[in-house]
């Protein structure tokens, strides 16, 4: 049964840039989907449309109306005038999810796990780039969403930290089973995390390959063990990561 | 002969966070140095100090006074009210480097190479995350600096694009030979690009390993060919990428 | 010809006189050249005098007395006896001063206005009524008071004569005039309140100018007193909405022309000053104290009518 | 110098300078601060100052509150909705540029010589200036942060309080400071034209007799109140709200 | 509706409503727009309006320019340097809250009843309000962008023009609009108290006779000028400068 269904004819920005065209896919409840595609094609735009932040497009996007959302934006987007803790409490206090002790405990645990426990009272301007990103991750994880949108969440973090966070994400996903759309530029990361990978073309974006990851969970953590799958995929579809493909460039209407 | 000499006793922010402590190194003219270290340790802080943006530290940083700088910040930091072209022209018009036809041609070439030729007239708010980053790269490359500071420049770009940019950077570095300090979280990237890699400890940051990369140029581009060097390094120094090391945590004075 | 600069309200009554003076070239005939600086508010003229932009303005002698006490050497020569009146509606039922009790009484010129203080003294003396406390005085700008009166927001209004004249034309009745009040207070003489004000030092330095100006002005007054055609000429300046208002204004003006200013009048002023001092206190007089400084009045000129 | 002492030092320096110039000029148009203080003290003792100042402050308070509420609401509306802006903009410009005098007279005529008219006249004069400032703030709002609020389903009130308002603070402080000053200026005219008490009424009297000493005494009293308000309320509040910028 | 037509429609609607109310009330305190226009036309024909308006506009122009220049410079200084702020703040608050009347009288008395005094009095009244607004803007400046300018060694002028100023635009527009309105208000008082021409002088005369029709005619003339200024200068400029926000 499909939980999320995306059926876009096209999305054109007011300045005439056509980003999405004939992009269609469905996602089952609890499915983990990775989105991979060249820079500037329309991945963030797609997440924005799904989140309901932009209604100016042709097509339909459907999922149950009572779904709670979390969105880890491409930039951290913390409120600069609230300290780390208040930034997180803000979404905890939203009417749909009154902050209870359990949620607060969850926040404390997450801050601890992501190495921010000593920086609860710091303002975003006093954090490093990676720390801001981690604070935004806490904010996205602390609410328990039915649909989780993540836009390159682990960029700009050192490898050990990123790896730890991937594990954390998988563990948490296993427990509460939200539907996840996960934008990444790293094929390894996608192979490690997702049930399915959607490869997007260059702008205007559409899906050039819908790839179910042929790996059982729990998956190997070391890159080297992903290598065979990766190699096979790239052998079958050499165009996937070959830079900006030019074989499909229709004009928008 | 050393071009840049950094001799820091410590850097403590007004709120008491001590980020750098006993951090010392020298860089020769034209050397390409990569900085690798955990998130939140003080890499960006270090670049800020070197760029002269923050004078509140104990220690000395020396390089020739007439050195021209380029700084690719961790975030793109484009001026939102200027379009892509004007953002770049702004630094071209700085008094120290009057925009001449040669420089303008260079700008055009770079915009073309980085896939921004069609977006010269777009404002930063109309670009994708990766496109902003590419525009900031053009800005950093177009001036011909003696000292180039880059803070995770290729994050948030798809792999083919990033790989292309690495080549571009190397080619350009080979031509004009600026001294480069390059912050990255990717050991592979560091191995591919740098003459030396400085591994930083967790906060307060100091250098735990000064590693001269034992590879001749031109280097292999495929990750698999870097693997032996990488493995050997990690075998000798297993603590390097083991997350936040805790063996050195002296208090600041 | 010597220049004399006079600051007057552009549409004030004084400017009617200045117009006549200029029109008949009375200034040249008296050896001066009149330079009129039109202004838009009464306060503007005092600013102009103190700022040295004009030589002569119209103000009242209480003001002069107070300025003298504060060290300014201003002096005054009478210009008009015409002052205000309390106007009421014919059907208002206000017959005596005592009837003003609890009534809304509009007052022009603020709580330190001479007419208002004299009225208060008179009410106190004859009816034992403290108007300040027992009536409801409303201080506001004169044109505003006129409008509010006509709208019925006020029961009575004490306003300057040319505003009162307009009210009379609109059907209101004078309930008591300021001359009545003065007389009632036992001051048995014509009492000018406003006059030409100038610096004593300047006047001593230019006695011919002052004499020339005052003579020319006297001549203009005589024309206005006798000639109706002169008034027809002035009519556009007066902005009289109707013939009634026009007549009221003309007659009011004529009635206010001072005839004589001698010792009797000065004594009357001194007596009035005493009463004002009692009622107005320091708020009105500042550092000035009775008896009235003799030098308040300029003695370098006499009105021909009472030369004897 | 320790910044905490700078302000008092500046004020003292200012008074000292004034005293010196007053001595040097010895003009009645520049009374010495001592003389002004003496007048202030005397007016304070006989109760007049407190009475008139109290009345005026009450009017200032009421019309300030009115004007800020209406102005901020309208400013946000016009700054965030283009259509509303187009509809109301012309009227705003008219409202902004009607001379204070006209509004005051019309209020007095239509509503009678009362407190309502006075307070309303002041508020009407002030509202457009608040709108103009706040509208600019609302136009500069960061939409990316509002998207965060939308995605995480913050309540309208939370969004306003925590996401919207902090971006308006600089504009609100500007509007409040200028507003207080403007209201004070207009209240004086309002009182001069049609009230029987208040500082404006008193100043009118003083002005008539050119009693600059009295004028300055009342000015000083109000200025002291505003200075106190700045030091105890506005500045600490602003410092608190701007803590994150440091 | 096409937004380009909204403003004219609103203005026409406003005039229509006014006409209707004027008919319904039939009061001399609310003359009909037709009557006001007739007065306007007549005053225009006999040249008085153009003369007085011209004189006033010249004063407005000069003092506006003066006040904006001084105010913006001081505002930036105080907003970006804490020490300067501490030193000048108390004086700013004093300047802000001195009644317009006091400044005007003192200027007239000390400088004589001339144009210099008039223009200076207006500018002095206005400067503190510009400072207060611009100071808030300068405090909210983004330092990360200034760092870009510093690293790439932009000249001081470039940094100011391209990096600093664009962040101040919303504040400058607020200050300019409010400034124009405030100056217009004060210039009227200034003219009322000591000039022999200008709109304030004329309004004083009309007030003398309670000629609301005349008062409104002059008000209308000025409002039309400001509306034209908005439509041809301020709004297009603002749209141009805000293009990037769209």
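Letters A, B, C, D and E mark the chains as written, and numbering starts fresh at 1 in each.
Assume a residue touches a chain if its C-beta (ideal position, glycine included) is under 8 Å from a C-beta of that chain, and two chains touch if they have at least 3 such contacts.
Remember, it's a predicted structure, so these values are computed and weren't measured experimentally.
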Required minimum of steps from chain B to chain C, each step between chains that touch: 2
Chain whose mean Cα position lies farthest from chain A: C
From chain B, the most remote chain by mean C-alpha position: C
Interface with the most contact pairs, given as the two chains involved: D-E
Whole-Å gap separating chain C and chain E, where each centre is the average of the chain's CA atoms: 38
Centre-to-centre distance between chain E and chain D (centres being mean Cα positions), rounded to whole Å: 17
Rounded Å distance, chain A centre to chain C centre (Cα mean): 86
Per-residue multi-chain contacts in chain E, two or more chains: 29, 105, 109, 203, 207, 245
Junction residues of chain C, two or more chains touched: 43, 50, 141, 144, 147
Touching two or more other chains - residues of chain A: 75
Pairs of chains satisfying the touch condition: A-B, A-D, B-E, C-D, C-E, D-E
Complex contacts: residues of chain D adjacent to chain E: 3, 6-7, 10-11, 14, 29-30, 82-83, 86-91, 93-94, 96-102, 105-106, 109-110, 128-129, 132-133, 135-137, 139-140, 170-171, 173-174, 177-178, 180-182, 184-185, 188-189, 203, 207, 212, 215-216, 219, 222-223, 226-227, 230, 242, 245
Sites on chain B touched by chain E in the complex: 48, 51-53, 68-71, 73, 75, 77, 79-83, 90-91, 93-96, 123-125, 139, 143
Chain E residues touching chain B - in the complex, by the definition given at the top: 144-145, 147-148, 150-155, 158, 162-163, 166, 241, 243-245
Chain C contact footprint on chain D (complex, rising order): 28-29, 105, 108-109, 112-113, 192-196, 201, 204-205, 207-211
Touching residues on chain C, where the partner in the complex is chain E: 9-12, 37-41, 43-44, 47-48, 50-53, 141, 143-144, 146-147, 239
